[in-house]
Structures are given as C-alpha cells and as structure tokens.
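Sharing a structure, written as structure tokens. Questions coming.
We just call them A, B, C and D in the order they show up, numbering each chain from 1.
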Amino acid sequence: MVTPLDIVKKKRAEAINRIVGKGYLSTKRVYVGMATCEIAAGSKEVMEVFQNAAKQGLTDVYLSQKGCAGRCNLEPTVEVVEEGKIPVKYGKVTPEMAAKIIERHLKNGEVIKEWVIN
Amino acid sequence: MDKKMITIYIDDKPYQVAAGQTVMQAADKVGFRIPRLCYHPKLSIEGACRVCIVELEGARNFIASCAYPVADGMKIRTNTPELRSARRDIVELILDNHPMDCHTCERDSNCELQRLAYSMGIRKRHFEGEMKHYEKDVSGVAVIRDPNKCILCGRCVRMCSEIQKTSVLGYAHRGFKTVVMPAYNMPFRDSSCTACGQCINVCPTAAFLEKDYTQELFKKLNDKSILKVAQCAPSVRAAIGEAFNIEPGRTMEKQLAAAIRRLGFDYVFDTQFSADLTIMEEANEFLERLQGKGKLPMITSCSSAWMKCLEQYHPDLIDHISTCKSPMSMQSAMVKTYFADKIKRDPKEILSVAFMCCTAKKYEAARPELEVNGMRATDLVITTRELAWMIKSAGIDFLAIKGEEFDHPLGLSSGAGTIFGTTGGVMEAAIRTAYELATGETLLDIEIGAVRGLQGIKEGKVVMDGKEIRVAVAHGLGNAAELLDIARKDPNRYHFIEIMGCPGGCVGGGGQPYANSNSIPLDEECLMKRAEALYTLDRNKTIRRSHENPDIQRLYKEFLGRPGSPASHKLLHTHYKQHFPVGIIPESLKQQKPAEPANK
Amino acid sequence: MPVSKYVITLCDGPSCMQKRSKQVKDVIKVELEKAGLADKVRVITSGCLGMCAKGLIMIVNPGYVIYGNVTEKDIPEIVEKHLLKKKPVARLLIEEDHLYNRFYRVFGDVNFFGKQMRIALRNCGIMDPENVDEYLALRGYEALAKVLTSMKPAEVAAEVKKAGLRGRGGAGFPTGLKWEFTAREKDPVKYLICNADEGDPGAFMDRSMIEGDPHTVIEGMIIGAYAIGAKEGFVYIRAEYPLAVKRLEKALADAKREGFLGDNILGSGFSFDIEIRLGAGAFVCGEETALIHSIEGSRGMPRPRPPFPAQSGLFGKPTVINNVETWANIPVIILDGADWFSSIGTEKSKGTKVFALAGKIKNTGLVEVPMGTTLRQIIYDIGGGIPNDKKFKAVQTGGPSGGCLPEKYLDTQIDYDSLAAAGSIMGSGGMIVIDEDSCMVNMAKFFLQFTQDESCGKCTPCREGTKRMLEILTRITEGKGVDGDIEKLERLGNMIKKSSLCGLGQSAPNPVLSTIKNFRVEYEEHIAAKKCRAGVCEGLVTYEINAKCVGCGACKRVCPTAAIAGSPKTVHVIDQAKCIKCGMCFKTCKFSAITKK
Amino acid sequence: MADTVVKTADPKMAELRKFMAEQKKTQYNDEASLIAILHKAQELYGYLSVEAMDEVAVTMKIPTAHIWGVATFYHYFCLTPKGKYVISVCLGTACYVKGADEIMSKIKDELKIKVGETTPDKLFTLQEARCLGACGIAPVMMINDKIYGTLTPKKVTEILNNYRKQG
C-alpha cells in the first residue's frame, strides 16, 4: 500500500529534480531578500539587476528570492551560496553594488569583503 | 426542572444551587443582589459594563457574574474592599463621561445609573476629563435619541436586534468614540425605526426618550377657543398606578377619567369604545374574507409599530392586513365627524388628544393617510409616562381623587374593548363578535385561554358554523417575523393572525411607566399583572362583546349604517403601502420613495 | 575578515557550557596558532544548537560537519585531520538532521544568527517562499505525511502536549491541551484558525514567517486539523500585509495542487481546506473571541469567556486558534519529536521564541532564541548593544500589553513565567530597546495611546479608564501634573487590569504600571520638578543659548513667538516667558549653541 | 443564484454584485462574508459609499446598522473618498522611538491637514499606520504602495514636492 509518507518522499524527489534542473544545487546560487521590509529597503531594484544579468548570459547562477532573515538594519540583503564554500551574505546592497557583486564575485570569484555582513 | 444541584460558596457560606446557571442567577436566588447595569434577563449576555464583577477564588482577575457559569465548589466573594473599590471606580468612570444634569433630566429619580451611583457611595468625581459630545437627535416624531446620556450598556441594541429583530440601532465607531446610532448616523425619522419605544423601556438612563408634547398640550389646554377632547387607551389604566408607586395590576380607569378632566379636557372618551368599533369592522372584514372577498390569513392592524414594520420588512403581506384603522385613529375620526356633528362644533376647533401606552402612536398620528376631511385626526399623543408627569405637574392628587366615568357618546365599552390592551386580546374580542355574526349564536365559552399569556407565538382554533377557524397570535416584532415565516411557508395554516409590536402587547408598550427600583424593564410578572388587571375588568363587566355595546349600536344606527358601509370605509379604514427606510432602498426603487410623515 | 576558509561553530548553550565550551575554545585557538591557521579559520560560539545530549557540539563549515562529545583532547586531531588534511574525524561525527539546522548551513557563521536557534524561522531567508519545490526539498510536508501515515489524531495532540509547546501569541496556553479540549467536544463540525492579525506596533514576526515560509504555517495547520478533526480552517491575516497575503494565496494553491490540502489528503481519507480572511485594521481582533466575531462578519468585540472557543467558537462550533509562530513549530515537533523539542528551553517554557528586536539597538531585526536566554544576551550578544555609546535604560517586551524592564532585570530569563514575574509579559514578541534619550513617561503614554485608540469600546474599564489614564499621562508630560496623579494612575491601572473584559484591557495598563514601578522617580520629576530628564516632553524642556552662539540670527528668524533677542554677532537670549518650547531654534542652530534641559 | 445578479450600467457595481453572488454560494452564511465584501467594495470604489453599503444590505440581507457598525469599527475601511496619494505614516514603536511624530507633524504642516483628512485639491490623504513591518529603516511612511524609509523632515518635504510636481 502506498502511504502518505511514500507519496511525499516521491514528491520530494521530484521537486528536487525539478529545481536541480533549474540549477538549485548548482555551484553558485544567489538569493535576494524579497520580503515587505526588504522591498521597502529597495530589494526590487537589486533583484532586477540580477535578473537582467541572468538574461544577458549569467547562466551558471541559480537566482532565487527569499523571505526576510531578520536583518532589518542591513536590508536589502543578498546571499551568494557556493558549493564547498562558506556562504557569503551581503548587506545594504544597492543596484550599483549588485552589478559589482555580479562582476567581481559571481564572475571572478572574488568576495567583496567590505560589504559582507558579520 | 430536575437540574443537578451543586454547592457554591458565596462570601464563605455554602449554598445549594442548580447547575447550568450563571453566578448572578444563582446569587439572586439565594438572596444576594450583585449590582448590575448592562445585564437584562430577557437579552443576551453582554458582560460589558463590568459592574457585576465578583471575585472568584483561583482566578487572576474579577469575573463578570452575569456571564460566568456556576461550578461545583466554586468560591465567590461579592463584597471585598478591593471589589467594592473597583465597582465604585467603574461606575464613577461612567459618570465621568456622563452629563451631570440629573436635576433637569427626564429620568431624574428614575434612573438606574443614578441609583447605582448612589448605592456605590459615589459622592465625588476623581477622574474628570474629556466628555463625549454629540448632537441630540430630535428628528423623529416619536423617539428621540441623546447619545450624550448613553452609557453603552447595549441594552437598546440587543432589544432592537434580539427581541424586536428590527436592527435599527447598532454600535458605530469604537473605543471611547463608540456611539449607538442608526445606520449612517441618519436622523431617526429617516431610519427604519418602528417607533416601538422598547429602547426607551430598557435604557437605564435617558439616552432614549419619547418626544415630549406635554408643554404643547398644557399650552393648548388653556386655550378657551378650542374644545379639548381626550381618549385613553386600555393599557394606560393598567399601568399608570406604577408611576405613583402602586403595585402593578391595579386599574385606575375612573381616577384616570377624573384626572384627565381636571387637566382641562372638556370630554374624556375611552379608546376602548373604538376598540369595540374596530372589532365590529374587523369581524365583518374577516367574515367577508372568509367568504372569499380578500386574502387569508387576515392580519390585525392595531399596532402602529407593527404597521411600520410591515411596510418596511414584510411588504409582501400588505394584502393580508386588515384595512381597519387602529382604535385610536377610529376614535379620533369619530371625534372629528360624528361627535363634532352631534355637539355642532367645527371639527377644526376640536383638539383631539390620545393618551396611549405607546410611542409609535405618535408616529401613527402623524401619518398623512389617516387625515379626516383634510384634518389631522389625532392632534397629540401623550404616553402613560407623560400623562403621569402631567398629573403630578398639575398638582392633582391622583391616588386621592374620586373616580369619574368616561363621557358619552364615545366612552362606553365592552369587556372585549378592554382586553385589547394585552396580547391576544384583539383576537379574543374579534372571535366573540365574529362567532355571533357568523353563526347567529352567542359564544358562551367567552374566555379563550389559548391566546392568553406571554408565550411568544400562540395558536388556537374555534369551530364556527361547522368550520374550523385557526388563529395565531404574536407579540413583539421578532416573534411576529417568526410567525409570519410560518404562515408564508404554510399559507393555509391560519385564518386570522393578531400581531402586536411590543412584548406583552400594549401593556408592555414603549410609553409605559419606567421600571422602578424594585423592578426591571419588561419584567414578565409585571406584564402579566397588567394583563390580568384588564382581564379582571373584562370579567366584571356585564357587556363583554363589542356588538352588545349600546353606544356602538347607536353609532351605527345614527351615523355609519353597518360595518363595512361606504361611510365606515371612508372614515374607519385605510391602506398600507411598501415603505423604504433610508438605508435599505434598492437602487431601482429609489424614485418611488414615499414622503415621511411631517415632523410635528 | 569574515571570509575565512573555515568557520568553527562551538555550541555555547547552557548544557555545552558545562561541558567546558570556553576551555575548548581556548584550546582551539592555541592549536590553530600552532598549525598556522589562525587567520584562515574563524571560531565563533553559538547559542544552543539543540543537540544537548551529545554536547559539546562543534560544527565545521563549509560542509556542515557536526562533531559531538568534543573535549579539549580532541582538538589537535580535528585541526590536523579536518582542517589541514580535509578529512573529517570519523569517530566524533554525529548524525543529527534537525529541520532547523538547515539555516545554519547558510548563516551559521554570523554572530547575529549564531546565537539564535531557529525553529519557527528555520526556512525564512534560505528558500524561495513562492516555490513549493524548495519547501519540499527542505523536507516540507514530511511531518504531515508522517502524521497521516502512522499517527492517530489523539497521538498527534499528545505529542504536541508532551513537547510542552505553549501558545506563542502571548498568553502561553499549552497548545496540545487546547487541541485535546477541542477534540473532545462532541460536535462533528470543528474549525481551526491561524491568527495572523499581528497588531503590536513594532512587531512583524508573523509577516516575516508568512512571507518567508508560508508552507510551514499551512503544514502546521493541516496537522492540527487532523488532530482535532476539523474540516475547515481560516487564516485571519492583516489586510495591511499584501505581500504576505499574496504568498499565502500562492502557497495554498500549490498545496492544494499537490494534494496536501483539499479532499482526501495524500490518499489518507482525511480532508481539510483553508480559507484566507482579511482583517481590516483592528488590534483587538488579535483577541480570540474578537477574531471569531470578525470572521463571522461582525464588529471585532470580544465576549466573556467561558465558553471558550474550544467549546463554542467560530459559528458556535469548537474552534482551535493558534498564532502563526505556534503553527510554524508544529512540523518540527512532529518530525524531530516531542522529546527533542522539550529538551530546549526552561522547565515550564519549551522551545524557542521569536522576537522583533527594534528601537535603540545596533542590530535591529528578527531573532529566535531558546526560552531561557536572558534579555542581556539578546540585547548585547545578538543585538550588538546600544548605538552611539548611549546608556541602556529599559527594554520593553510584549508590545502595548507588556512592560518596561530596567537594567536590573537584564539577566531575567526569557520565558512566560519569568517575564511575568519581572512585571512584563512575553506577548507576541515585540522587543524595543530604550536608551537614555527616551522618556519613560512619554513611552508609557505612547503605548497607552495605542491601546486606548484600539480599545473596542465594549467594556467600561477599558473604554473609559484608559482614556482617563491617558489624560493624566498627557497632563504629566505637558508639565501640568499634580500631586496624586501617580496614585490615580495606579488605582485606575490596577482596577482596569482586574476588571476588563478581555486581554487587551487587562493588559493595557501594563506599560504605565511597570514604568511607575521601575521609573517612579521620572514620574515624580515630571510632576514636582517639572523636569523631563530625557528632554523629550516638550512642555517640560527649557531652551537656553550658550556661549557658542555666534549671533548669526538664524534662531531669531525661525522663532514663531519672537522670544529670541540679540543683535548680530552677539550672544542671543531666549525670553523664557515667551518661549513656547517648539524646538525650532534648537533644530535650526548650526553651532550647538542652544541647549535643551 | 448567479443568474439572478441584476444587470447594471456601472461596471464596478456589476463586479460587486458578481462578487456577492459568489460569496452567497461559498460562505457559511451571508453575514460571514460581510468583511470580504466591504474589502471588495473599497477596492472597487476607493471608499465605502452609502450606495455600496445599501447594495450590500439589500443583496446580502444584512441590516444596514450592522454594516455601518462594521464599516466604522475597522480602521481599514474608509467612508470618504481618498486623495490621489494616500500617505500612511507608520507610528509603530520602532518608528516612534526614532521620531515618527516629528515626521507626522512635518507632513501635517506641509499639507495643512489633520490625520484622516484629504487636501482640498484631492491630491493627498493623510493616515496613521500601525507597524508597516519595515522597522529596520524606521521612521517610514508609505505613499500608495511605495515605502519611504529613514525619513527626516527635510526628506519628507522633498518627497512631497516630487508628488506635487507629478500632480
């Protein structure tokens, strides 16, 4: 008999497959905070910068949104998660900074230390 | 009532009380009288005023005894220093936002808040500050509203929505700015208020009052150029004694006739006379309908609040309504025609005043369609309360006065006319006459128990000429709505329906004396006693059937011809039409909005 | 600095502290120095990681390698093998896969988060809230499946009861017990409500949770519905949160599509559906019975209890109401077990609590800490202390229903009972830090103004009493306070607390009573000396011009009452009799030449 | 029931009627859908007009006094038409501590209106908001859907001037 647990486990496998297909576990993932507070602080504009970059060929990056992690005074926040590395968290990101994060961090692998949240 | 008995401790003493009741109910039964304000036994529990708080052992806070159920072994304290202080502060807070004009207030010495403040020992205000300030709404012809006096106990709101089910009143806004008002804060005259006046009855203060016409009347009573003619409704005599601290249930009809005369009236007639007249017309109309001339069931039309309610909320039933005017309006019509003719006075020089138990009669009197020959038929309507005040104000010793009789030719009445004042009375009186009209025989078993009493909806049947006549009676507009729904679902269930707008019928009218310090508004026992007084009057009369009233017989002989004649149709019958109160007007029907009766 | 190659997180929870976490940390530093790794590895300590039985816990990132039962002796081996040779020390490895741990894989190296323990917020900030796939990948809906597969409804309620979870909305009623009461009712129709009418000014936990991880709340609700036998549930959410509503709608649609909601959930035969109901801006609707009235389409006015909603709630049916955070805890309790959950926190308060940290504090934001964490730890270790070297004055918890606690209470443990004993409440989780620049009388006035404005107006003590209290407070802040005002506030406050109909009224005087208790001197100064030491209450401030004045005349020009005199380039003077204390001169002066006293 | 929806020339009213007909089908009882319907009416018209409330009363058979009571109880409902730009100043604790009242009085000065009022040119309506949930950038205000953070009185003037220019 198929139990609900079996169904969910199957669904989970399928779900992971789906998002992996979109790059979920890819080497580079970028999460942009998109809660009300983050948007109020300007995260929509930041998100657009990343979205445009993705359209223009930043293909090895999985771009996603996330809810508020609770760092109100540092919003908008952006996380860059790379396999095998400590995830990097940027705070008070502006669209200009986002462009630099793409250039320096995502393309060249350089963590921009002075913007990292401690 | 084989409820489980449990033990509760009140102020450290054990008491056996029935389970399933509230702390307040239990305490009442064993001789405690916890102070209270928003509580009313006939209405839902509000728990808002917090005056009835008591201490419950184990509870962090005080509990409202009106709302808290008893439990076995619970320990209640009703009179600790902390509790007394809290209660006093609560009542004081109400007073701090209440006009301090007791001496000029209509409810002075008859105000629950005043009594409460006195018994709490409040002799000083500690927390004075901003007070609410609202316009008094005097737009209505019957009921006026003074939100400044309102203490937000919500009894009127519950009365209006739970008992009367008209939901005219509601809370608006919130917090300190909460006000009780009709929708959109519209003037009362434009609202769907039926003017039943029950809000006045249950209000502990003077937030609702009837529109006062006593000063106007006093002025006119001194006018020598006009003839002052009074009429007095049955239930006024059953209740006015209470305004003079007499136990409910003593009738004062002869004292009333005498006192009204001393006020300066030239003639004092009895509305019971035209109650008999109403029966003549109504019984005739019913028999006609039974013969297929008109719709069945036929529904009575004596109660003014009910008539406004019908026009607004039950327009589908307009064809079922008896076309008979109410006894008050029939009486006034006869005063300004038959009687004026008889004494050869210009009806324009006659002031027709009705003393009624009812606030809605003030509204009815102002209805344009009830005019007679272009004149207003009833010039002024004065409630029982107002009449009692006028008697006191005029220096008449009501209790010592020697009784007098009502005047002829519109003052003699049968017992049937008397019992009009209580729920089921119209039905009973109508059956007494209709039976004889239909069968030619006198109904011997004259007291119809099935339609008596305070049950919300009563059903009965009589066999008349071999045919079973099924009747039903409802009092209070909420019960009425319920009964009408039954009748709508089962159109052949009833032949005849009596509806009275107020709980208990006219004896419970919105213009009756306020409950005093020993009673509560709408007390069933009080209503029963008033009703019983009328039944006793009926029982002691030799003439107990309307058609046997010789003055009625004479009126038909001299003036109207027969029941249902063209003359009686002109003067004693009227018509009703759908009425759209502001707020519930469908877009498509807005143009057809009828004119409101003018504000007097 | 923070971009190290490795981050070692040492658990510094009470249990691990006993297992010498401090000493171990020192040893690590020494060993790193020896190995020449001192600047390549960061060592941080965190709050309880929830694996107390296997303490001392150490986590090495990246890779999220967990070591248990670590002692000083193990350190050289870990440094040698793991950090230098990149081979984990197998004998110390432990397998723990708690739901909440995921968060630390991303955020574990940040002090702000390291000291926290994220159960309700476990997915907030690490997943796309609009993508059910990401939730599923994080073991989403597994708790639901577990319940449907192997647990009877009564077992679910019992598990929650055993976990010791108490209502996170503020009152702290045991959740499992509430479920049992409701399940016990005979009526076949039962309802379930998620209270997301977050109204405390300065609190936004519920919004963040729904915006960040809506499925968790939904999953918790379905599990609750299964436990009590409800077929229908409601989320009552503020209309002021459009994004949260949008995400919740999306999540509900996804859950329905995936078969987690609706008829015959996952083939189990159990059916349940959830509907969203928008609030309309009434704080009092956070109160259970008011909320019920609001869903029923009425004014949100509370009614006396009993009967409790568990007996007679929505549409007169037995109803369970829990707030967002409570529901978000449920899937964790089911998957990680009541035993694990109840190992966190204090004796009577289990699990964690989310706070919205705001006010005069460096790191504002949402924090989730185990019960038993002290106020000091939150404010200084997580919040980073007071900015601009200002002095701490008080911390306000519980929003408008709570109280202000001064410095001496900073070591109070956060749990329902300790906070209450200190004179405040847990509340739904607002935490406002107040520094020396704030006036406590003015703070009390602010909160009372709020509750007074939000009073539904039904019961006398709250409607009339809070108004009078506010008038007295206003009078005091305007310098018109008189002798006896404090006593009047206390008298009214205590009466309102004990006599009001609902929780809003019963707690409305708390901010005033607690500030009187802890800062009575400030009240007395306002009344007797007409002085506001923080310089906040405008009516009590005096402005004076000091020697720094260059005589530019700017203040003179802005003064609306012509109270300032002086010729150019000389020191100006304020005529105190004319001054209306508007503060315009103070704001205008560019030379700090005007002092406020 | 849906068939009985009365046709009307007003497309907003048509939508409101359609919405009510749906509610009638799905809700526990008519009254339980009242707040949702009022939300809808406000969304369509921008405020709750007497006409809209009458319509609800007639269609849903809910006493007007009850509707009025609900409409006046909840702060979210607005009984008069609003201006083109609705300014909500957050007066939550975090904002208050950081000077929200100063922001509020600046706006009042600038617009010369009180809270709850609309400027005579119908451009601005001023409202109080409880927490807008953006405590990190307190003090904040929201103009229509856009949130402005870390405000100062000076910044407020600039922002308002920008809106004035747009008209």
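Keep in mind that, in the parts below, a contact is a pair of C-beta atoms (placed from the backbone, for glycine too) under 8 Å apart; a residue touches a chain by one contact, two chains touch by 3 or more.
Note that the structure is predicted; figures quoted are calculated from it, not measured.
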If I average the Cα coordinates per chain and compare with the overall Cα mean, which chain comes out closest? D
More contacts between chains, A-D or B-D: B-D
Quick check: how many Å separate the C-alpha centres of chain B and chain D? 43
At what distance in angstrom does the C-alpha mean of chain D lie from that of chain A? 35
How many Å are there between the centre of chain A and the centre of chain B, using C-alpha atoms for each centre? 73
Express in whole angstrom the distance between the two chain centres, defined as the mean CA positions of chain C and chain D. 28
Can you list every residue of chain B that touches 2 or more other chains, as numbers and ranges? 171, 173-174
Going by the touch rule set out above, which residues of chain D reach two or more other chains? 66, 69, 73, 132-133, 135-136
By residue number and range, which residues of chain A touch two or more other chains? 36-37, 39, 71-74
Spell out all pairs of chains that touch, sorted by label. A-C, A-D, B-C, B-D, C-D
Spell out the part of chain B that touches chain C in their complex, as residue ranges. 45-51, 53, 60-62, 64, 67-69, 82, 85-86, 89-90, 93-94, 96-97, 126-127, 129-130, 151-152, 154, 171, 173-178
Touching residues (chain side chain C, partner chain A) in the complex: 1-7, 61-63, 105-107, 109-113, 121, 123-134, 136-137, 139-142, 144-146, 148-150, 204, 207-209, 211-213, 241, 243-244, 258-259, 265-268, 358, 362-367
Within their complex, state which residues of chain B touch chain D. 161, 167-174, 181-185, 192, 583-588
Quick one: which bits of chain C touch chain B in the complex? Just the residue numbers, please. 282, 299, 301, 303-304, 306, 452-461, 463-465, 467-468, 471, 488, 491-492, 495, 497-501, 506
Chain C contacts chain D in the complex at 198-204, 207-208, 239-242, 277-283, 294-301, 315, 356, 358-360, 364-365, 396, 399, 430, 432, 434, 438, 446-447, 450, 456
